[in-house]
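Heads up, the next two complexes both have chain A, just with different partners, chain B and then chain C.
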Partner chain A sequence: MNPLFLNNQVIVYLFSEAALLALTILLFAKIVKFLWFWDFRSYSNRQLKLEKEAYLAMTIATLLFTLKSVLLIFFVHTIDKLSLIIPGAMCAAGVISANSYGMDLLFIKLTVIFTLLLFLIANSYDLQAKTYPLFRFKSWVLIIASGLIFIEFFLDISYFTHIDTSTPVSCCSALFGNLEGANPLPFGLDITKLLLLFYMLYLGTIIALTLETKTITLLTLLLFGVIAYYGVVYFFGTYIYELPTHKCPFCMLQREYYYVGYLLWGSLFFGLFFGVIWVIMSQVGYNITKAKWASMLLLTLFVALCSLYVAIYYSKNGVLL
Partner chain B sequence: MKQILKILLTVILLVVVAILLLSVLKKDAPIVVVKGNLAQKPLPIKLNKTNDTECAMLIKTTRNAAEVVAPDGRTWFFDDPGCMVKWLESKPFKEQVKIWVHTIDTNRWIDGKKAKYGVKDHTAMHYGFGAREKENNETIDFKQMQLRIYRGETLANPKFRAKLLGK
Partner chain C sequence: MVVVEQLNRWYTIDKKRHQILKDISFHVKRGDFVLLRGVSGSGKTTLLSILAGLEKPSSGKVLIDGEPIAKLPDIHLSHFRAKKVGIIFQHFNLIDSLSLQDNVLVPLVALKIGLQEAKAMAERALKSANIAHKSEAYPTKLSGGEKQRGAIARAIVADPPLLLCDEPTANLDRANSLLFIDALHKLHQEGKTIIVATHDPIFDAIDFPHTIIDLKDGQIV
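Right, the complex of A and B next:
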């Protein structure tokens, strides 16, 4: 048996995920039933029962969102701690790259949280209306979320069973830093152009959200997400670590850096999520200004935080890295 | 105000597209390392666009070329098996790597640790160790080739060259 399954944090994590999977199976069965039999115009006993069960499903989905968000933080914290027992790893970067499932798992986890957040927002507007106009839409969102949670659990198991504790993995410096001349940036960009795009796209996203142009908002949000990731890893992160050669998206989650990574990545991802949710909800006829403002505020916080690290470093040392 | 924002957004989008186009269309920097080769297979070399990691020369032919694949899928390219051995010497993961060499007799990629090496061949950096699939009277195995490079017993060493070739 893989010795990782004897690690306390891994055991707690996997049992929690298994419990949530059981809830998801229940939720999935209920949603399929709703989609099949739901008829709001009917006064039958079955419809009344379904409406009561719908509240149970909503409660489960809310619980799933809350626990999945907590578990994502716990997962990141766990893999960070596992770097102490996996040879070669210095932080979560080495552990997550220990096999090909790690990054896919992280991506699926973020997507699950996004879909559940979309459900919660759609649900709150659906409950305010008298006729449940978004019932089918939010049910399909939950079907997608359930599917993603099934895949996530499969990846959870595959990821932890395929970590070999006897084979050294690469540390973040080998994965992101020492690339021996290769350009890690997308589209052949260099750092100057990357930074130009970073601020341009941020400004573009804010303006697109203000003007409420759906397609351009979606486009700028997605592009900003990609550029912001590379911006943090290859430029802003070096100012957090105060070391030009330290390029890692995970080390900033550690105590040495005051856990700033959680705030930084959290503001970016939730800023993007709220923006995309605003676009999707606008598409189904709901202009949710709160989501729009949340997106603008969180993205502004993210950009301000990134820029602040550079400004503080410059004010202290008089030079840039 | 709305009109100004619209104009500003258009300008921003045009600048973003221009930056992306300029970056994508600019001449590619030489390839040094390729990530993600988890299957540890030999990768096709983009000739004249790939750098040898050790000697920094552009690789112009697959003849005698070599590749090293780390367990995490990173792949490095070499124009001469000698460069590959010298580069690998200081690497902590040298025992775990998969080595591929392009043979001069069968003209294909084979396992570098199982290949046989001539000692008087013409190779890009003049080490003289041409990779072969078939053994002959003059070939040596990987371990011997490695040892000779560590000792400097290659055609690049004038004294050893004179001894081996008589010139």
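Right, the complex of A and C next:
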């Protein structure tokens, strides 16, 4: 048996995820029933019962979102603790890369939170009307969220069962740095091109949001999300750590760096989230201008924060890293 | 004003279905005064609770002012009830720890009215129900008749077009019952639609136009 399964935090984490999976199966069954039988114009016993059950399902979904958010933080905390028993790992970034499931798992986890948040927003708008106009839309969102949660659980198990505690993992500077064998920038980019793309996509996103062009907004948001991740890891992060070889997305979440990573990644995640929400909700007839402005504000905060670290370093030292 | 079509209500206890209301259908026009009569257990209170949006039907349509109240999401239902329906209960249901004026203010919370305006509305309602002189008193210090007048004030404070009364004279003596009927008559003359569920024979003697719906074993007879 993999010794990781004897770790308290891993046990608590996996049991919690299993409990949430059971809740998701219950929710999934209810949502399928809603999609199959829902007919708001009917006054039949079945429809009136479905309307009552809808409240239960929406409450379960809200609970699911809350617990999934807490478990995401617990997951990061757990894998950070595992770095003590996995050779070569210095923080969560090393542990997450211990096998090929790690990054997929993290991505799925963020997507689950994203989808459940979309549900919560759609649900709040749906309940403001009297005829549940978004009922089918939000039900489909929950179907997608349920599917993602099933995949997430499979990845959870696969990830933890495939961590080999006897094989050293690459971490931080070894993984991302300039050492021999280090990963190069993706898509054949160099730092100049990366930064050019970073600022151009930021401006493009702001312009697209201002002009309310949905397809271009969605495209620029998604591209900016990818480029911003690499931008932080390969360039801006080194100014936070003040070390050119320290290219880690995780260490900035720790106390040594005043937890700035939470602000940085949080503003990027929610900036992208509100932008995508604005696009999706516009498609179903709700122009949520607050989401649009929140997206612009948070992305601007993210870019300003990234740039500020470079500016501060330059003003203090007179050189760039 | 009130449309009820093919209304059914049943409870399932130990896998056995207990039918409380069966295929109830009736229409009430705006300004009507309706007596819902029947012995205890005939389904009057359940029907009134469904009309008030306090309970959901098992099947069937209930429209109040065109709104399908059994299908309204909760946030709309509370607002709708506060604005459109006044309820007078058999046991008055006043909150003992609040003064009469504060009891009357309670339904206005859902309407998010400013305190000054709400107080003015409460004062008008208390005057209209002839109980303004007891506005600072607590329910425990009031007689049955005074409590009932307080309950009337609370029911009419938001000026709802529909008043529902559930056995309103069950806890009143004859004199207070007659005073209560008189108060209802006045509200009826002001244009309110009133539905009274009762098995009190004192209502047999009312001398203003009204409609009678007789219920027996959950069905209209």
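The rule is simple: the second predicted complex is superposed on the first by the 315 of 321 C-alpha atoms of A that agree within 3 Å, B and C clash if a C-alpha of one lies under 4 Å from a C-alpha of the other, contacts with A are read in each partner's own complex, and residues count from 1 in each chain.
What we mean here is this: a contact is a pair of C-beta atoms (placed from the backbone, for glycine too) under 8 Å apart; a residue touches a chain by one contact, two chains touch by 3 or more.
Being a predicted model, the structure only gives us computed values, none of them experimental.
Asker: After the match on chain A, would you call chain B and chain C a fit or a clash?
Answerer: Fit: chain B and chain C sit side by side once superposed on chain A.
Asker: Just to be sure I read the superposition right, which of the two partners does A:L110 touch: chain B = first, chain C = second, or both, or neither?
Answerer: neither
Asker: Based on the superposed arrangement, let me know which partner A:A208 touches: chain B (first), chain C (second), both, or neither?
Answerer: In the superposition, A:A208 touches chain B alone.
Asker: Counting only touches as set out at the top, which of chain B and chain C does A:V260 meet: first, second, both, neither?
Answerer: neither
Asker: In the overlay, answer first, second, both or neither for which of chain B and chain C A:F40 touches.
Answerer: second
Asker: Please work out whether A:V310 is in contact with chain B alone, chain C alone, both, or neither, and reply first, second, both or neither.
Answerer: The answer is neither, since A:V310 touches no partner chain.
Asker: Touching A:L127, do we find chain B (first), chain C (second), both, or neither?
Answerer: Touch partner of A:L127: chain C, not chain B.
Asker: Where does A:L63 make contact in the superposed view: on chain B (first), on chain C (second), on both, or on neither?
Answerer: In the superposed model, A:L63 contacts neither chain B nor chain C.
Asker: Counting residues of chain A in contact, which comes out ahead: chain B or chain C?
Answerer: B
Asker: First (chain B), second (chain C), both or neither: which does A:P168 touch?
Answerer: The answer is first: A:P168 touches chain B but not chain C.
Asker: Looking at chain B versus chain C in the superposed three-chain picture, what is their shortest Cα distance in Å?
Answerer: 39
Asker: Show me the residue ranges of chain C that touch chain A in the complex, using the header's touch definition.
Answerer: Touch residues, chain C against chain A: 5-6, 8, 56-61, 67-68, 70-76.
Asker: Okay, in this complex, where on chain A does chain C touch?
Answerer: Per the stated touch rule, the residues are 40, 43-45, 48, 51-52, 55, 127-128, 130, 132.
Asker: Chain B touches which residues of chain A in the complex?
Answerer: Residues of chain A touching chain B: 97, 100, 167-170, 174-175, 179-183, 187-190, 193, 196-197, 200-201, 203-204, 207-208, 210-211, 213, 216, 220, 223.
Asker: Touching chain A in the complex: which residues of chain B?
Answerer: 2, 5-6, 8-9, 12-13, 15-16, 19-20, 22-24, 26, 28-34, 38, 51, 53, 70-72, 74, 76, 92-93, 96
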